[in-house]
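Note that chain A is present in both complexes that follow, paired respectively with chain B and with chain C.
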Partner chain A sequence: MSALLEVENLSVRFRTGGGEIVAVDRLSFAAARGEFVGIVGESGSGKSVTALALMGLVTPPGRIAGGSVRLDGQELVGLRERDYRRLRGKRMAMIFQEPMSSLNPVMRVGEQIAEAVRWHEPVSARAAAARAVEMLATVGIPGAEQRAKAYPQQLSGGMRQRVMIAMALACGPELLVADEPTTALDVTVQAQILELLAGLRTRFGMTLLLITHDLGVVAEQADRVLVMYAGRLVEAAPTAELFAAPLHPYTAGLLDSIPDLDRRRDELPAIEGTVPSPLAMPPGCAFAPRCRFAEPACDTGPPPLRDFGARRTACRRDLDLGRSA
Partner chain B sequence: MTAPLLEARGLARHFSVRSHPFARVASLVRAVDGVDFAVAPGETLGLVGESGCGKSTVAKLVVRLLDPTAGEILFEGENLLALEGAALRRRRADIQMVFQDPAGALNPRHTIETIVGEPLEIHGMRSRTERRARTEELLARVGMLPEHLTRHPHEFSGGQRQRIGIARALALRPRLLVCDEAVSALDVSVQAQVVNLLKRLQRELGLAYLFIAHDLSVVRHISDRVAVMYLGRIVETAPADQLFSRPHHPYTQSLLSAVPRPAPGRATGRVVLSGEVPSPFAAPSGCRFHPRCPLAVEICRREDPALRDPGDGRSVACHLVQPGAPPPDVRSAA
Partner chain C sequence: MPIRRLLTHRLFMTGLVLVLAVAGAAFAADWIASASPTRMNMRARFTPPWDARFLLGSDAFGRDVLSRLVHGARVSLRIGALVVVVAGILGTLIGAAAGYFRRLDGPLMRVMDAFMAFPSILLAIAIAAALGPSETNVVAALAAVYTPRTARIVRAAVLQLRESEFVQAARVSGAGDAFILRRHILPNCSAPLTVQLTFVFANAVLAEAVLSFLGVGPPPPTPTWGNMIADGRNFIREAPWITLAPGIAISVTVLGLNLLGDGLRDILDPRMKVAQG
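Take a look at the complex of A and B:
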């Protein structure tokens, strides 16, 4: 498989009152054509900022401080906004957690999709409107022709997210970035949307980058999972291997601290402490202050990513963290 | 079961709402529509359901932030709704609430000492030294340090703020804590810390919890018994292990199967429900779940099923659940 998306040493910084913080620190990964990659992390891990950086949506006080993002070989860092606009919505698209903030409240949803189509393609208004209805049907909205005439607030949360997906896919993008697309939805609706996204990925052969705080959301369908902590990639692995035998103590701790729906335990093995403040990052491994396995060497500069076959981890130690479950 | 600490009987709360700003008639939303449940001393009852099922309204009714339209709330057999003035204030000390968003629940201009000590002052602890000693003790209980007393909420992380919220709720030595999505806003690694804290406090202080959450895994972990709500009604109540290992109600089955498991290959036979929870403005006739239920039959459209005990200590509101017979299986319809 050839890589559609290549990210190399990407760094994003934000100016704040307390000084400049590093939101994403030298992140490198690639996603193949048609691949489903999950990016998992807690608050402050830099996962959402990564999504914005890929889409060219980092604005002051934030800036891309270095590195490279290539889509099908084309360098995107430093691209003029005009050129980015030709890509966004056409070759790469993004959906967000809260569809209501991305939809125009005073415009019918069908018109919004048609507008996006006409921005990128020289088609008639009629053809664009027909495409909108077709896309609404594709994302499983019943009575698509009627629903195209609805305003966003007339739709439920799940339906709005479907509209967002329809709009994102209207021009057949090669890359879809979904940032917490189901976090605001109820669990039964979340199941519908995840099934829809996975189905559309296969049907259109697009690359799906799904960003979430919920490991469960990527466990079933993603090909590969990247785990981020405090702005850095700490582990990347094929999904089954990551869940079966995490290499990084943070991944292992995160997996252990999730209460299990199918089994009850007396005490949850919590990770003590909290994510470090970006204004006071530890000198070495960002996870070291919370890590059970930390040794003095862990405080001497950020650990490099090391390769283990198809897997990578940023931990100095070689640990056996195979899970019993 | 021992005599319940808290008991709700036929509890209902209806809201009169205009469905859109120019509507001539207000319509009635039956947010909570006749629910019965009990919480024993020292027990945790989990209350789960999706948006709009009425679980947060139940929380507000129990702590009397809202008055019910119908029904009774008994605390140690005493009707809370008949209480007024000083008697009500005394009872309020017994039932305290922990909120979802500790940042919104803690006054940003007050120090932790004031925040945690305020309930003590209101309930008559006049001496500042006494209050200080008690607040230090409360902070220690939730794993915080005495030097935190002089700081303000913004100086703490989300998990620490939730600890402060819990310390404040414990100030009056309550018997029951109503936790409304108390750990939902926290990152998983921190969530586990707070869940462990709540379980430890329960053991040490003999507290009972009404634990309301949409996250089923957390509810399973912390609850002794669980009640599942759908559109203002309880559809199933059972001991936690039974409910999660062998759900009876088709809605409970679908809900559990929809939860993404952080273990590839574990989820088998997912039932993806069609549609979404209907608007409470227009609750369906008969069983409220029937339009989405893969197993619905004629009677479900006509008759509203009552919550009944099929004979194994649980209660289920479903026409298809019969005593002695195996429960219906939504997977069989898929």
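Take a look at the complex of A and C:
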């Protein structure tokens, strides 16, 4: 498989009153055409900023401080806004966490989709409207013809997220970035939306980059999972391997804190401590202060990413974290 | 439905009735008062109201007060409406540019602040006096006063909308700035803008009366409520109707517009919601 998206040493920094903080620190990964990659991390791990950086939407006080993002070989960092605009929606699209506020309350949903089409394709208003209805049907909205005439506030949260997906896919993008697409939805709807996304990715052969704080969301469908912590990639592995035997203590901690139906526990294990402040990052491994396995060497500079076949980890220690389940 | 809520909002409906009454009188001025508002009749000076020929009496030159009143309503409402249009357009353009483009924000809003540093009526008098008395100049003076206030409201709304998720969503679909402003941001500013412009209308009517009263409004013999009060104030003891009629007209119009604005704000802007009586 050829890589559609290649990210190399991407750094994003934000200027704040207390100095410049590093939101994303030398992040590297690649995603093949048609691949489903999950990016997992807690709040402040830099996963959403990464998504915005891919779309070229990091605005002051933030800036891309270095590195490279390539879509199908084309360098995107430093691309002129006009050229970037031609890619957004056409070759790469994004959906957001909050379907309640992601649609313009004063426009009918069909119009919003049709517009996205007309920015990129020289089609008539009528053809664009027909495409909007077709897309609404594609994302599983019953009675698409009537729904296209609805205003966002007349639809439920799950419906709105479907509309967002229809809008994102209207021009057949090769890359879809989904930033916490199910977080604001209730659990049953979450499952439907995930199912839909996974199905659409296979159907259209597009690369899906799903960003979430919930490992459960990516467990079933993703090909590969990247785990981020404090702006850095700490582990990358094929999903099954990651769940079976994490290489990084942080990943292991995340997995342990997922409730397990087969085992009775009085209390869920949690990772002690909190994410370090971006203004006071530990000198070495960012996770070291919370890590059970930390040793003095962990505080000497950021740990390098080490390759183990298809897997990578940013832990210095060779730990056997195989789950004793 | 906002429209149904407006129809059941008592204060809004009171305001609407008052404003429509004034607008209707202005529209039907020629039909309400057959006499010319400028024709003098020196033999019929200071005729008291309820006279067969002069329903609201006549003034110091024997002119029909009712006729001057309804024709004055035309002038007042026309100036008010033009000020709303000019201040609305300029304020929206400036406010949208300042709110959306960070680089323009500082320069544009500092100029607006400079305008707002002067007491509004003083600034209007200064501009109107400098330009000379005419209807166009009154509109220009009042637009200069109310544009900055409108720009400020629009800027605040745009600042908030610019960060909204649907604008971000439009951006990731490839929308450009012009499109985002026109289709996504400005339509969502319409609620605060409508409320603001209703108050601009009310204030413009009042300010026009002040300018006319001070002699920097539309020149005589154009009947305006302001110069009717100015003409009548020397005879306020002997012929109070000359000042009372336009005075009441101003009060009713401004009250009506303010009620209308308050009602719109109650319905359109949930943050300002207060218990309704």
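By definition in this document, the second predicted complex is superposed on the first by the 322 of 325 C-alpha atoms of A that agree within 3 Å, B and C clash if a C-alpha of one lies under 4 Å from a C-alpha of the other, contacts with A are read in each partner's own complex, and residues count from 1 in each chain.
By our rule, contacts are C-beta pairs under 8 Å (C-beta built on N, C-alpha and C of every residue); 3 or more make two chains touch, one makes a residue touch a chain.
This is a predicted model, so every value here is computed, not measured.
Judged by the touch definition given at the top, the superposed model places A:98 against chain C, while chain B stays out of reach.
Within the superposed three-chain model, A:107 lies in touch with chain C and out of touch with chain B [touch as defined at top].
In the overlay built on the shared chain, the residue A:116 is in contact with chain C alone; chain B does not reach it.
Contacts of A:175 after superposition: neither chain B nor chain C is touched. Comparing chain C and chain B on the residues of chain A they touch gives the larger count to B. Looking at the shared chain after the overlay, A:305 reaches neither chain B nor chain C. Looking at the shared chain after the overlay, A:164 reaches chain C, while chain B stays out of its contact range.
No residue of chain A is contacted both by chain B in one complex and by chain C in the other.
Those residues of chain A whose C-beta lies close enough to touch chain B in the complex are 42-43, 156-159, 186-192, 194-195, 213-217, 219-220, 239-240, 243, 253-255, 257-262, 264-265, 267-272, 274-275, 325. Residues 50-51, 157-160, 187-193, 195-196, 199, 214, 216-218, 220-221, 240-241, 244, 254-267, 270, 272-274, 276-277 of chain B are the ones touching chain A in the complex. Within the complex, the chain C residues that touch chain A are 102, 164-166, 168-176, 179, 183-184, 187-188.
On the side of chain A, the complex with chain C involves touching residues 55, 57, 60, 85-90, 93-96, 98, 101-107, 115-116, 119-120, 164, 167-168, 170.
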